[in-house]
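Letters A, B, C and D name the chains as they come in the text, with residue numbers starting at 1 for each one.
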Amino acid sequence: MSDAHAATGEDVMTIVAARALRDRTLCFVGIGLPSAAANLARRLHAPDLVLIYESGTIGAKPDVLPLSIGDGELAETADTVVSIPEIFAYWLQAGRIDTGFLSGAQIDRFGNLNSTAIGDWRTPRVRLPGAGGAPEIAAHAREVIVVMRHSARAFVEKLDFVTSVGFLDGRDARGRAGLSGAGPTRVITDLGVLEPDADTHELVLTALHPGVTLEAVRDATGWPLRIADPLATTAPVTEREQTALHELRRRTALAHAPKAPS
Amino acid sequence: MSDAHAATGEDVMTIVAARALRDRTLCFVGIGLPSAAANLARRLHAPDLVLIYESGTIGAKPDVLPLSIGDGELAETADTVVSIPEIFAYWLQAGRIDTGFLSGAQIDRFGNLNSTAIGDWRTPRVRLPGAGGAPEIAAHAREVIVVMRHSARAFVEKLDFVTSVGFLDGRDARGRAGLSGAGPTRVITDLGVLEPDADTHELVLTALHPGVTLEAVRDATGWPLRIADPLATTAPVTEREQTALHELRRRTALAHAPKAPS
Amino acid sequence: MTAVLPLREAIAQHIPDGAVVAMEGFTHLIPCAAGHELIRQGRTDLTLLRMTPDIIYDQLIGVGAVRRLIFSWGGNPGVGSLHRFRDAVENGWPRSLELVEHTHGTMAAAYAAGAARQPFATLRSTHSDTAAHNPAIRPLTCPFTGDTLLAVAAHRPDVTVIHAQRADRAGNVQLWGITGVQKEAALAADRVLVTVEEVVGRLEPLPGAVLLPAAIVTAVCPVPGGTHPSYAQGYSQRDNAFYIAWDAISRDRDRFLAWIDRHVRGTNDMAGFLESIAHV
Amino acid sequence: MTAVLPLREAIAQHIPDGAVVAMEGFTHLIPCAAGHELIRQGRTDLTLLRMTPDIIYDQLIGVGAVRRLIFSWGGNPGVGSLHRFRDAVENGWPRSLELVEHTHGTMAAAYAAGAARQPFATLRSTHSDTAAHNPAIRPLTCPFTGDTLLAVAAHRPDVTVIHAQRADRAGNVQLWGITGVQKEAALAADRVLVTVEEVVGRLEPLPGAVLLPAAIVTAVCPVPGGTHPSYAQGYSQRDNAFYIAWDAISRDRDRFLAWIDRHVRGTNDMAGFLESIAHV
């Protein structure tokens, strides 16, 4: 791989997330990295991945990455556009989504996420945007992929607010709560990949990205992190993956560049 | 009025029902006489009457009378066509309908209607089509106009089955049941017009159609009928009304005549 | 993903004896060809759902294919009674028919709840006796106002069958005109069979059209004219004369059975059926 | 019936201080001109509802017009925080802001329940703490399965304001593209104000278009470009640069107030606003 195309942490997260998407499945997409990953997967191994954005566009096939969930191109290229109540009731709650992406300001060892507030909800130190559709994705998607940067401020012992549930307090808590989806099956960070233990459902580090040390991951995790044995190394980013991602970003930047005044 | 255009009982019911519809209101229409009355009103005094059929067509403007609730012309001339769940939840239950029409095999003195079964529900002597949307019209329309032929078999002391509620057992029973609409504000028959007493909500004969005797109405009513004092006489059918109705029926017959084989 | 296959195979594969089947269509787009195919294949013990069972359900009931009917209005629209339905309910002929009776409001809400995979829908009570006779409808107290509302158990058919104007080869389905409760009925089912007027390369978007994504469509079966005597807007006209004629055909048990033998069991498919009734 | 009138009059007539107002739009078709007009007319003590409060709500919060916010996601889409919203919640500036917080699912269901005039909607629990902090969401036991679901009290705004592409002179309103929750929000309200790109003689039906019948529309106000910096598909482009620029404008209290004085209070209408920001 040439130096000009060296993979950043964001690149690796995006590409590893894209790899996790199977062709001909339904993927619920948010703006930012999830959208990049899903659209990258469409250009690589999953041309028939069905993209559903919470704005109601089913089967959107954008040529460049949307800047917002409601970009016109999503509606124009979709198989159909339905209302928000319909997306949430008939598609998400109904359990039709194969894969949902989530992120958050904080995550705990059971994959629960906070995107609401740091500090007390009533008098927060930092007020975050809030739930959006994340709790529905967390509860109802058949599986959830969490994508977030690894840091001790984000990977915390205890959440200030549980916006979106992972495995609650672990073991069979999620099943007992009547949640149909499998929960977060992997957490992809800029350092590695975490997956839930089959019994306890505690997140376990299962892979390190190339060049990342175990110590770096431990330092960036706010709880005593369990490590899989053997611990895998993520397959390196291929030139094809890196080129496809750069090309997608290049076209996106071009399309969204401010127009000259008319 | 010429003999060729002598008004039948059906004509009088249709025309008196049409007169009851105010312009620029929303009318929920069933096939048959209600549809004829509503479309006649559109051609007489209520050109901007909004016709809503339970098939989901809002603002249908058919040129001839539809043969079924789902005729293509209803969809083609409507302002919009919405789904059945939407018509029932967002329009009917929401109380947006000004006037709904109902009929039935049986009616009692409080305007309750049976269109389900004669005899026991499990082992009926005569099985009727059933509820359809009638109970929702009865409960949720702002007012209901009942149109049915007067006979002692139909105007009964006690219903075998209450498909659609009028004033339940009278007085303030309807209000206590939490029903928002005003209930049946008039019952138009081929003999006259009945309206609920303001206190007891028992149906009272308030008008006789021209040429009909009080005795004929009493004979055709299965309970001791209360008579308003003074008792009005329905304004005679005008030539304009009769002509408009005949013209509507003529065009309808022509439009629905079997086509020659192609 | 969606299979495009002949109706006969789709019915054979997906609708066994005893299945719970919704064949929806609100006057428009009634999937009659699929009903005939169930009769030809001798399917029995079916639980059928439909808001407005009409002629095709009268036929299925009349041949004894139906054990239970979940419905809200059973008549021959604009004509009168369904005589086979009445004979089954009033006289148990050819077998007794269990009724689960709704109003249109509760029936539509039950499909919508099924489409959303929640156990029940909530709506305002109409105080109809209909609800009192239906074990799938129960009172529910509003936790905010204390009002009594109705809870209606969700419809979750094994299979929903509908007819649409068009599908593409990927299995996306497009229907327009009066689309009734078909979207909800399809989304409420485990499997969805769709007969269509035609399969096209690309579905041109149309005003008022509903699109069912291929992801929820199990099988698409090309059956031009598959709604007869109903219609498909843009493709066929409603055969009003047939609705009227059905009254006499269905009134008499022997005449009905002879009609079924000749026109349904005696033909192979919708084309054969349409040919056979054209020469009566 | 619907009145066609200037936005200034519609706001003056229909939105008093203290009103409960939903100004909906899901990234597309956000009724920003109406928000500016509320600021110009000095409206205060408003309860505002919206699934995705963004820049226009940030402005209303920043000038102190809002007492209570009912919402599910408050951010500058694709950019980051809403600084005026954060300043109100974190520091009570310029006044404290009461939050009633939903998830998108409960928020959408609450509008749908309001549209149907039933006291609450039912849906499956997501076990989010969000519901636990919202008194308008309570547990509900399914009378069939015993499962615990959520009951969400209906949204019933005094006024819903939306922006649409077109209306006809009778007051029928047509919108297309991403139409979000606007139909439900409109049907849930007592009064409905609609700003439109244009009023036309006849609304040509379009694929994917939603039509709101005149019967539910209180007033139509022609405001071309009334969504800026959002967009109206077929009429305008999203001003992405403005969303990015808003981050710096809104981060500082004084700069924000100066901006409001110059571009909102210092202009008479959307045309004036667009002119004023074009020359920055």
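Definition applied: contacts are C-beta pairs under 8 Å (C-beta built on N, C-alpha and C of every residue); 3 or more make two chains touch, one makes a residue touch a chain.
Please read all numbers here as calculations on a predicted model, not as lab measurements.
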item	value
Path length in steps (a step moves to a chain that is touched) from subunit C to subunit D	1
Reference subunit B; chain at largest CA-centroid distance	A
Pair of chains joined by more contacts [C-beta pairs], B-C or A-C	B-C
Centre distance in Å when subunit B and subunit D are each reduced to the mean of their C-alpha atoms	41
Length of the line joining the C-alpha centres of subunit A and subunit D, rounded to whole Å	28
Two or more partner chains touched - positions in subunit D	112, 116-118, 123-124, 147, 184, 208
Set of subunit A residues in contact with two or more other chains	80, 89, 93
Interchain contacts, given as pairs of chains that touch	A-C, A-D, B-C, B-D, C-D
Subunit D-touching residues of subunit C, taken from the complex the two chains share	116-124, 136, 138-140, 142-145, 147, 149, 151, 153, 205-209
Complex contact set, residues of subunit C against subunit B	26-28, 51-52, 71-75, 77-78, 81-82, 85-86, 89-90, 101-105, 108-109, 111-112, 123-130, 133, 147-148, 177-181, 183-184, 208, 230-231, 233, 237-238, 240-241
Subunit B to subunit C touching residues, read off their complex	31-32, 54-57, 67-72, 74-76, 80-81, 83-85, 88-89, 92-93, 116, 121, 124-127, 129-136, 138-140, 161-165, 168, 177-179, 256, 258-259
Subunit C-facing residues of subunit A, complex	24, 26, 50, 58-59, 79-80, 89-90, 93-96, 180
Complex contacts: residues of subunit C adjacent to subunit A	1, 112, 115-118, 172, 184, 187, 211, 213-216
